[in-house]
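By written order: A, B, C and D. Residues from 1 in each chain.
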Amino acid sequence: MRRYIARRLLQAAIATFLVITIVFFVMRLSGDPTLLLVPEGATAEQIAALRHALGFDRPLAVQYLGYLGDLAHFDLGQSLVQRAPVWLIVASRLPYTMALAAGALVFALVTGIPAGIAMAVWRGGVTERLLSALVLAGQSLPTFWSGILFILLFGVSLHWLPTSGADGPASLVMPSVVLGALAMATFARMTRISVLEELGRDYVTAARARGLSMGAAVVRHVLRNAAIPVVTVVALEVGNLLAGAVIVETVFAWPGIGQLAMQSIFARDFLVVQAIVLFVSMVYIALNLATDLAYSAIDPRIRGMA
Amino acid sequence: MRGSRVLAIAAVAACLSAHHAAAQPKTELTVDLAADAATLDPQLQWDTDSYSIYRNMFDNLLTRDVAGKIVPQVATAWHYTNDTTLVFDLRTDIKFHDGTKLTPEDVAFSVKRIVDPAFKSPQLSQFDQIAGAEVTGPAQVTLRTKSPYPALLAQLVKLSIVPKAYVEKLGDVRFNQEPMGSGPYKLRAWQRGVQVTLDAMPDYWRGKPPFASVVFRAVPDGPTRIADLRAGRADLIRGLSPDDAEALKSERQVRVLSVPTERVAYMFVNALAGPTADVRVRRAIAMAVDRESLITALQQGFAKPVNEVLTPANFGYDADVKPWPFDPVQARALIKAAGAEGAKISFLTSPVYDRRLNEAIQQMLADVGLQVEIQMMDQPTYLRRRQGTPVEAGALSQGRWSCACQDADGVIFPLFRSGSIWSKYSNPAFDTEVDAARATLDEAVRKTHYRRALDILREDVPGVGLFQDVAIYGAKPQLKWTPTANEAFFVMDMAWQP
Amino acid sequence: MRPRVSFGIRVIVLLIVLFAAAALLAPWISPHDPLRQSLLLRLKPPGSATASAGLFPLGTDDLGRDLLSRILYGARASFIVAILSVSVSLVVGTLLGLAAGWFRGWTATLIMRFVDAMLSVPAILLAVLTVAVIGPSFVTLVLVLGLTRWPRYTRVAYAATLQVAGLPFIAAAEMAGADSARILLRHILPNIAGPLLVVATSEFGLMILFEAGLSFLGLGIQPPAPSWGSIMSAGRQYVERAWWLTVFPGLGLFTLVVCVNVMGDWLRDRLDPRSAGR
Amino acid sequence: MTPALAVHDLRLLIGGAAVVDGVGFAVAPGEVMALVGESGCGKSLTAHAIMRLLPDAVRQDRGYVALDGDNLSVLSERQMRLVRGRRMSMIFQEPQAALDPLSTVGAQVAEGTGSPLRQARAAVLAMLDEVGIADPARRIDQYPFELSGGMCQRVMIASALIARPAVLIADEPTTALDVTIQAQILDLLRRLAIERGTAIVLITHDMGVVADIADRVAVMYAGRIAETGDTAAIFARPRHPYTALLLAALPRRTDVPRSRLAVIEGRVPAPSEFPTGCRFAGRCPLADARCRAETPLLREVARGHLSACWHAEAVR
């Protein structure tokens, strides 16, 4: 087990390194941000002077090594545009994305998993048909469209919720639901399959033969067994939620790192973009790792091997 | 890092639970801007949103009044001792927010700081004609320029005075996070990407500020800014589109404020490469664009016609220069004469520019026989190509130009003077005129030079002035404020109507 | 979900065919030129008609262009981008997967580690980043979508190849003297086509969404060329006054993606019973 | 005397086909009754029907089950739940599959008592001890994967009997186990039936097992009972050709006892292709035109010995 974790960590490190490298060079494909920073009337000499001062006239390899060197010292550098430490900029936006991702995850879990269970337990009935339509919708709805429709319906027409921005807890509702819809669908599908598979097992019949109700058998035995494959997707979906936040935060003007990423990409604020991608990838990788470890928490068979 | 993370989470929680009471009488002003400040150090970024916020925390050496005239602020008076030396007399009763006095040393320090290449200020190019700044008396500072520089005063309007001792103590990075100036408001809190909150300095030297506190919120979505205004969550919003403004005009709980700015919407026409190297094609393009319907239909009237690539808010604008009339028949004939019928014309653009304007112009030129290909690229690539060789720059592009100096020198010089990175045009006669206008401080002489330069541009058409851009704001009817052409956003000039 | 051609599936197939036909026949069935503007007819609601310009069944956009025509042409963009980018990732991913599964050893380690790395960056983030930086264009869009989405095919092709390569008839073919390329293409590829097709179908729906998403962010199909995403992006500014600009293209997008997803589930149940319903 | 369990004229349908048709039998307290047949003959469905735990696809349209004289078919599901485990329980073919891999042994045994393990711990320990699990104090907190197959079946038996039900349905309880373990489990069941007076319905395909522990036996073929009577009587003189063939295929004791019934030529027809008349006719050496036309009903051929064969007397 320990060797396994060590191997996974090494893989994660390599993946992270590749990500850093790809993003570093992709960002520099179309040149540096000097032109975006200078006032309109600047002359060629003034532009060259600022470029030199910012260090963008150095060879790419030198810039790359410099960046790696800084990273090795846990220094994410300073934002060119905001002239503040990158960690400070990202950290000040991070709580918003965490709140949004958490909201979306909670929504997806509290709707998706019961929906999946219901679809499995009441299979073949009206409940299943209604719920699978809902799941299909969640899976096929483009967030930018459902986002606008929600704004139109609940914000503009009904005035129930603020149209966008981070203005009180109510403003978290719409973006969470919109962002969580896809994860909800994934959880529901996964849960349905998993519960269906478990419902067919002998231990369910055995438990009922001991006098447990169907509900009790599901709660006491089926759910825990069905949870194992679901846990995997939950972890993977958290990564997807962070990525999906790019569009949802743009639609809802939510001041998280997704919005920051878009702003920084367009402003060529290299270090901020790199830090965000680095962060998201590391979360992604860490979640994958955590999933594997979560198995052992749920399943005593694997715990035994540890 | 961990500590600040916790703080940040707490801040979100606080913000999420805060209730914005809309009850009157209000002592707070809430402003919706399109974006958060990039920096609050006034000597770094100068985008409109940062500018709108930090200018309220600092005093400037000079400023403009509502009419656009340059007037004293920290300086009380100034005089040239020769063409390159300018002496400023300063006020002595100004205090920074920590109670220390604003001294000539602070002024000299502010000038030297922004022109120091090591400071890497994006604003450097606006001030790099300054050769030095010395304290020459207990209330006096003397600036020297590298050569006679008529636009100096206009540039100094943008120079904020920062406290020398405080900046040196904190260092540049921390000063940007905890800025302090001598202006009517001081920073209370900055939630990055969300809002900046300022508190009034009750004993400010120009009088008691009109609001106890001001909140600048970053609301990127236009419709949301409008919703905020309607719902009373915001008192003043910036960046209304003409369509929105038109729709809001009829509403009673909202007032639309607009002002023509010094920003000119223009179309660049490449005079050195491609089909547009032929002056007949360029003139045809000038006649093919129906500027009247751009203003009425696209801008909903929120724009003013201009006769040249310059606005009436700029020094040097001349209303007597006659623009080319809208005449598609004549334009088509000219294009035929030039043998350019059906010619492919590239129109470079980036997402920054108004998509509708691109597409409308494309259609208008198609109507006179030119096949316009819109080439969308990212902004850095666009700038690189537009500023590159004449062949790279494409035949056409649109732009909105503001030098923030309200002077022809900041517009037609960089746009059309040979050798300038923007210019894809070369006419020695024009160069002579704009060079001469730059070399003297005599306003009458400068005006004459600019008139001649504008006449040359009219004949050569290296660019077409489309309209004077109008800044549009939405406000509560109770808010008293007159927006200005330089898009300054001084809270000191606003008040609740009694 | 039973593996027989039910009524529901027939309807779905019919809808997909209708969408494809609309995309294919857009130039002939559009009531107007999708690029023809009329500044006097901006933001007209659905059903508006004028004597000179005719009927605008779904209204007009902010430059007075016919929305229905733009949506029909937009279907074209969606299909072409999705087909091309799925092809790119299918080819790249399958080749790499085949190579990894056939040669094993270092080749496989190298390829599969790279797959892991690719899968550890959210694809949409990478696509947004790359397109934003390189600058949006049709070719960029197809390549970026194609080249960020191949790892899923590689994983499937790798696993399937490993499995098929162990079967006796492959050994027989090898002994008969067939070279690697021939075995891979003639014997292994047909045997792993099923699972790859299942992945390709589900990816097809995703690609349609990605294209629309990137166009919505201003990073996809560039105006004035019509794309569902860019129509909605422009329409967002007018959401209060011109709901039709966001509602109709979104409805088209949503319906098409639903159809493709249902189709994908159905195919999966038929071709890949082990992962039924997943 | 009221039988502990009586099944009357049970008919089960899958789609339109009667997979179980007219099955009825009774078991007395302390008696072991074996239900024998090839796989697919409906014996396992019968067991599930008794527990009212039929899969969704199976429908019962006739017959009823009486437990100690109480008709179970009139009970609601809620009332039925009180019957399961307390008055009647069931054990299964694959003990490891029948235990939740993620719950401890003790927790699952305790479920039979209706109270949580914390309260039922002493009872559970005693029960585990009673079914012959060594070191129950350690085993109680272990997971099924830590136990051998035989031990799992003991756990199953413990969980089924802890509430002292009058009836135990044992669905192929030894099929998945090693020969030696098989014998131990059968001994255990036998002993419990005697000590506790539990009526046991033992479902099996193995005539060897029947010979070992059953007092009485009912032989099922294609959803119907072919022959029923005392084990000794049937083994001595089968009155149905099917039973005769089963017994003929049974190896002598010294041989491997896990013989399969498939040694009979031909195979059981699928429910959709059940013939009219005797369902065994297709494989029966004695079949004639009458067998193929008329369904033979169960009739008493000797005291307590019933056979559904037109040629019961001719069977050798």
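Just so it is clear, a contact is a pair of C-beta atoms (placed from the backbone, for glycine too) under 8 Å apart; a residue touches a chain by one contact, two chains touch by 3 or more.
Treat the numbers as computed from the prediction; the structure is a model and nothing was measured.
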item	value
Leader among chain pairs (count of C-beta contacts)	A-B
Averaged-CA centre spacing for the pair subunit D and subunit A, given as whole angstrom	53
Whole-Å gap between the CA centroids of subunit A and subunit B	38
Gap in Å, rounded to a whole number, between the CA centres of subunit C and subunit B	43
Distance from subunit D to subunit C - Cα centre to Cα centre, in angstrom	56
Subunit D: positions in contact with at least two other chains	none
Overlap residues in subunit B, where contacts from two or more other chains coincide	223, 351, 378, 381
Subunit C, residues touching no fewer than two other chains	132-135, 236, 239-240
Chain-level touch network, classified as line, ring, star, complete or other	other
Touching pairs - complete list by chain label	A-B, A-C, A-D, B-C
Complex contacts: residues of subunit C adjacent to subunit A	113-114, 116-117, 120-126, 128-130, 132-135, 205, 209, 212-213, 216-217, 229, 232-233, 236, 239-240, 243, 246-247, 250, 253-254, 257-258, 261-262, 276-278
Subunit C contact footprint on subunit A (complex, rising order)	11-12, 14-16, 18-19, 22-23, 26-27, 29-30, 136-137, 139-145, 148-149, 151-152, 156, 189-190, 192-193, 239-240, 242-244, 246-247, 250-251, 261-262, 265-266, 273, 277, 280-281, 284-285, 288
Complex interface listing, subunit B residues touching subunit A	1, 4-5, 8-9, 11-12, 15-20, 35-36, 38-39, 41, 44-46, 117-118, 120, 122-126, 128, 172-173, 176-177, 191-194, 217-221, 223-224, 227-228, 233, 351, 378-381, 383-384, 387, 401-404, 410, 413-414, 420-421
Residues of subunit B defined as touching subunit C within the complex	222-223, 241, 243, 247, 293, 297-298, 351, 355-356, 358-360, 362-363, 374, 376-378, 381
Residues of subunit A defined as touching subunit B within the complex	30-33, 35-44, 46-47, 49-50, 53-54, 78, 81-85, 87-89, 91-96, 98-99, 151, 155-156, 162-169, 171-172, 252-253, 255, 259-260, 263, 266, 268
